[in-house]
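Per-chain numbering from 1; labels A, B, C, D, E and F assigned in written order.
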Amino acid sequence: MRVDGRTNDELRPVHIEPNYLKHPEGSVLISVGDTKVICAASIEDKVPPFMRGGGKGWITAEYAMIPRATEQRNIREASKGKLSGRTMEIQRLIGRVLRSVVDLQKLGEKTIWIDCDVIQADGGTRTASITGAFVAMALALGKMVENKKLPMLPITDFLAATSVGIDEEHGIILDLNYIEDSKAHVDMNIVMTGSGRFVEIQGTGEEATFSYEQLLDLLTVAEKGIYELIALQKEALGSLAEQIVQNRSEGEETK
Amino acid sequence: MRVDGRTNDELRPVHIEPNYLKHPEGSVLISVGDTKVICAASIEDKVPPFMRGGGKGWITAEYAMIPRATEQRNIREASKGKLSGRTMEIQRLIGRVLRSVVDLQKLGEKTIWIDCDVIQADGGTRTASITGAFVAMALALGKMVENKKLPMLPITDFLAATSVGIDEEHGIILDLNYIEDSKAHVDMNIVMTGSGRFVEIQGTGEEATFSYEQLLDLLTVAEKGIYELIALQKEALGSLAEQIVQNRSEGEETK
Amino acid sequence: MRVDGRTNDELRPVHIEPNYLKHPEGSVLISVGDTKVICAASIEDKVPPFMRGGGKGWITAEYAMIPRATEQRNIREASKGKLSGRTMEIQRLIGRVLRSVVDLQKLGEKTIWIDCDVIQADGGTRTASITGAFVAMALALGKMVENKKLPMLPITDFLAATSVGIDEEHGIILDLNYIEDSKAHVDMNIVMTGSGRFVEIQGTGEEATFSYEQLLDLLTVAEKGIYELIALQKEALGSLAEQIVQNRSEGEETK
Amino acid sequence: MRVDGRTNDELRPVHIEPNYLKHPEGSVLISVGDTKVICAASIEDKVPPFMRGGGKGWITAEYAMIPRATEQRNIREASKGKLSGRTMEIQRLIGRVLRSVVDLQKLGEKTIWIDCDVIQADGGTRTASITGAFVAMALALGKMVENKKLPMLPITDFLAATSVGIDEEHGIILDLNYIEDSKAHVDMNIVMTGSGRFVEIQGTGEEATFSYEQLLDLLTVAEKGIYELIALQKEALGSLAEQIVQNRSEGEETK
Amino acid sequence: MRVDGRTNDELRPVHIEPNYLKHPEGSVLISVGDTKVICAASIEDKVPPFMRGGGKGWITAEYAMIPRATEQRNIREASKGKLSGRTMEIQRLIGRVLRSVVDLQKLGEKTIWIDCDVIQADGGTRTASITGAFVAMALALGKMVENKKLPMLPITDFLAATSVGIDEEHGIILDLNYIEDSKAHVDMNIVMTGSGRFVEIQGTGEEATFSYEQLLDLLTVAEKGIYELIALQKEALGSLAEQIVQNRSEGEETK
Amino acid sequence: MRVDGRTNDELRPVHIEPNYLKHPEGSVLISVGDTKVICAASIEDKVPPFMRGGGKGWITAEYAMIPRATEQRNIREASKGKLSGRTMEIQRLIGRVLRSVVDLQKLGEKTIWIDCDVIQADGGTRTASITGAFVAMALALGKMVENKKLPMLPITDFLAATSVGIDEEHGIILDLNYIEDSKAHVDMNIVMTGSGRFVEIQGTGEEATFSYEQLLDLLTVAEKGIYELIALQKEALGSLAEQIVQNRSEGEETK
């Protein structure tokens, strides 16, 4: 049994509260166990300079933690005057994976700004951010369709993320909390679509290595977790979820 | 009647949720109308270099907004790489006023870090931050007394803050929301103790000026609001509030 | 008697030397006791981006100290690579209060840059900066009228600033020098117009608080000092002062 | 046939010139096709603050490109005053993977600084950096053993990296050059040891996704490339390579 | 005749006002024509880390201009957050040349901080800064001798600086003002001691070159100017000047 | 005999490898003894804002060292987030001297970016950079003439740089290596054209001074070295060198 009583392939309790904030076009508060992230999606009516005139849209993400999201207070990056390498890696990851399930041509020359602000951290903040950000983005784009600013929802599939790892005591485990993450020899973040295709695999041995067989087992457990997360996203999105399912099946037909 | 149906000397609905976060020694979520701020207090066992060896403690504050706390997305200060003048002013204000109701000698060589993170903004974020930060700080210090790390609560009085302003249409109004703040000719932030003494008065004509009589009226309305806020702080603090009341009366006797 | 032999409500000797520098449109060297500030006003023929097209002008200020303006050498902010919170607060204050006595509509789409460079500091640098900057600005605008770049002087009233404080030994005192400022429990900066209206009140208890009665007494003493400062501004401005007096009385009539 | 005449699972010509620089403890110039990287390893006799007193060593890496390493001149990060997210990601990656094949306990409280300076870029700069940095590090550690500063070589296995990708025209290809990289839908960097274990897998769909079957095929092709790279590392390292082989087999026995 | 009526080898009027500021150990206001610089010398009782324990002192300089020292307002380097290349060059030059006439061994482990703040600029600010800084430094060191903090004045010779240039119309000219400097093809700054030895020669063709013969003529004219400047330094220093003269002759004897 | 066996007026072995890099318009690897610098020239089809519309071109330079170019690893300026004063001085010098031998009018509104990246340092990196950068620039401009983007080579003369110094043991020496540079009392960098005219003289006493006679001797030795360097530049440039010789003689005729 794991430190919090879960079985090896069990997610922590996950809640997604849609429309958590008043101002953004789309927003959620996602909690994955004690990890809590406010995800907001803002639509801007232009694209960055390097994309202008191409007719395509863009998605970019920012990620931050409040200082006492963690056990020890961490220094604000705004006070230090620069972003850490870790923050930059996470920001780039979130933006990149969301772009894989949006038809940027259909979005047109708009930028979707994703803000993920971690208010409480207990491991898995980047995967919770991706899972929540997808919902916030879908809400924002859904509102644009509603307001006739877009003819149709340009989302081609669901997208969720989770972590898997290898631990000396338990072997392969799903959705590591902070304590588990600190002890794991191998740590892998997996981002998958609703059709079970990979968008991103980042597996890392922490002063350790892993074998081909272990890799296959890690992927199997991750897939189970991702499907459960996507089921929760569907609940949170209601009728918007149906539209995404339909987009996906149309996409498969045209392939 | 004001834009949200309030009378001129009426506060917006105020809620203080104590112990909002898992990790910090003290924390609250304060909402004043649609303005919502997470306030956290962290105790560090040392003081900044310029105070070492003096036997006194220190209180310092940081303030930030998440990008979509506001109607228009604002750029993260961590991304810009520096704090705005406005942020610095607010941070200095929060730290300074809290120091006026803590006996820093009794605190000893410790630093209280206050973090105020605005997750939704509708005017009055700095005064809500002060009112919430006081409670978070009291909770953190209360826990230290409980854990025998301090012999007694070093808080000498309650402390709360609100805004008052002068508006062409309504005259003097209490607790301005964002729309009211944008239109006001005169804007004043008042920080007071539970004994009705001033800690800070910051009154500003926005391309305008104000008379002595107007000043007196502004102060009267502010005082009413502050007392109501302190009543809510007492509720949130429970038995800790009684200890503060007792400290205050002892302080008055020794004067 | 105070440390420098003054009575409680006595200003330090104040001198304003107009046209101190060769290049700027308007400049003064103001000395208030041992505090000496070079104030320069520059007129730029455009406004910041957020104001373009609105037909209104803008006033912005920068403040700095040379390293040995003070007893201990302080590190240059240019070397540190960023402005301190204190500097930012003062810069924002100077710009804001000057805007309250200029008709920005009549100024048109121009920016007035105010530079206050403290070459010697002995307390009250921000209030000396405001008092001097007003004169530098009036000289610069007067020159524009002379050169037919403005039809009339867009200044609606005089503006000066001083400090008042409460000291254990002397009670309420006017125009604090550095030693007095270090000891005062309460420190208040007051900015007023020539008509006796307030533009800014910033009163702060330094690990202390103050009562309503004390506040009223502080304001009375401050007002006396401000009127004396404005008399000196009038001398320095000569015939320009008459024009401001006339603007003010016309402004009052139209109200 | 690929743009440069290679078959799908063929590496570009790879050359490793050991001891390329005069000053560093270990250095190489590695070229992988037209990609050329100077890798240097420096040994410092202390560890970063967060590791002091633990008896373990540390490995950290820095990565940069000269401005005309690329077709278009890119702006120097030193001139911009900050590192890009891409640079930070690569630096973290290089340090992390090298730490997986060094026994940090045996290294003792020393830091190995790895510098990878790309002087010419044609795709695969991060994988070439890792492959070259391993050799530079081994040379530096070998010299320490020679100079009796270390009792034995603390390297537990070989380490090399390459890229694989999926291209519409060719399917799965090995060791992508810049043109191929720009067109690939899926891009994966693989870091493996001499024993065929994974240290890092980073697979990314670029506005695209990939299936489980594709993933398995990508890994097979990558493994072939890695073994060829390790053969070249052995040549460059001469007798040091034998020591690593021996360390590895001893490590396997003790497991 | 030159633009301001001078002959080719004539300095502008030079005034040195010693002890211009209240706080620094040594200070002057130097004016060279319309160029005015406040020079201050501060003594700190330690040396930078790289010099500790060596028993020698250090001299370092900082240089800045107030924004309206110039015809066009220039942006504050503190606001830009970094020093320009020009500022850094000048700072390094001032520190370096002063070190050539101070016996750093006799100074002991102290740092002399030189601050040169240009309040009005009309060409030659760096040479005026050097000439003024020498006097400020001598005053500060003289005060240390007076206060028994140093056994003797550790200054080995006088030091002054001026500029020479080549102008299409006038040929070789001394002490260029701003207009002359803008037009000159060749610009040279010369720093010399009271014994006529060179400390620094910086000659630059501005999109132009100069011959060996021109160089010799430039040096002759510069030497004349330097001797006149040193005569003025002697006046400003009074009896301290005699001590320097004596140190110099003793230094020559021991050679 | 000097530390490396040279006579006092002997250069170290110098090699210039043209077209060292694949991507830049012009590039060389220059080695002067153990000092090795990659110089690249890039042509951009616009000028900086302050020069637009003037019809003239611009030349700007950047200089950097890789961390282990030196005996001790030096911290990357990109990691520190700012350029040192030394780097800025060198960058400004390189750009300035190259501008003296290019007819910027004939270049037209283009910018030549010079990048000098030191990969190994043993004294004289700035003079090696200038000597190498001249060749890289000539190659780049030659290619533009070849591609009909320029009607003729806008270079008016050769340009090379070397150092001379005064050493207690050897007297005046040419082309100082790192050890010699550390010990020299006087250090001078000389930049000259192929016609023997000076472009820049920077002579500095390091806590020392030098006489007029010493200066003349230094210049004589420097001139000898420069002519040898220019002979090597001619070899590296082949037929382009003839064009420069012709431009120079035409330039002399029109004078």
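Here is the rule we go by: a contact is a pair of C-beta atoms (placed from the backbone, for glycine too) under 8 Å apart; a residue touches a chain by one contact, two chains touch by 3 or more.
This structure is a prediction, so every number in the text was calculated from the model and none was measured.
Asker: Name, by label, each chain that touches both members of the pair chain E and chain F.
Answerer: The shared contacts of chain E and chain F amount to nothing, since no chain touches both.
Asker: Treat each pair of touching chains as one step and give the shortest count from chain C to chain E.
Answerer: So the least number of steps between the two chains is 1.
Asker: Shared touching chains for chain D and chain F?
Answerer: Neighbours common to chain D and chain F are absent.
Asker: Where the centres are mean C-alpha positions, what is the separation of chain A from chain C, in Å?
Answerer: 52
Asker: Express in whole angstrom the distance between the two chain centres, defined as the mean CA positions of chain A and chain E.
Answerer: 61
Asker: Could you check chain E for residues that touch two or more other chains and list them?
Answerer: Where chain E meets two or more other chains at a single residue, that happens at 81-83.
Asker: Can you name the chains in ring order, beginning at chain C and moving first to chain E?
Answerer: Moving around the ring in the direction of chain E from chain C, the order is C, E, F, D, A, B.
Asker: If we count contacts the way the header does, which residues on chain D are in touch with chain F in the complex?
Answerer: 21-24, 27, 34, 38, 40, 42, 44, 62, 64, 66-71, 73, 76-79, 81-83, 87, 113, 115, 117, 119-120, 122
Asker: Under the stated contact criterion, what part of chain C meets chain B in this complex?
Answerer: 82-86, 88-89, 91-92, 96, 99-100, 104, 157, 188, 193, 195-212, 215, 219
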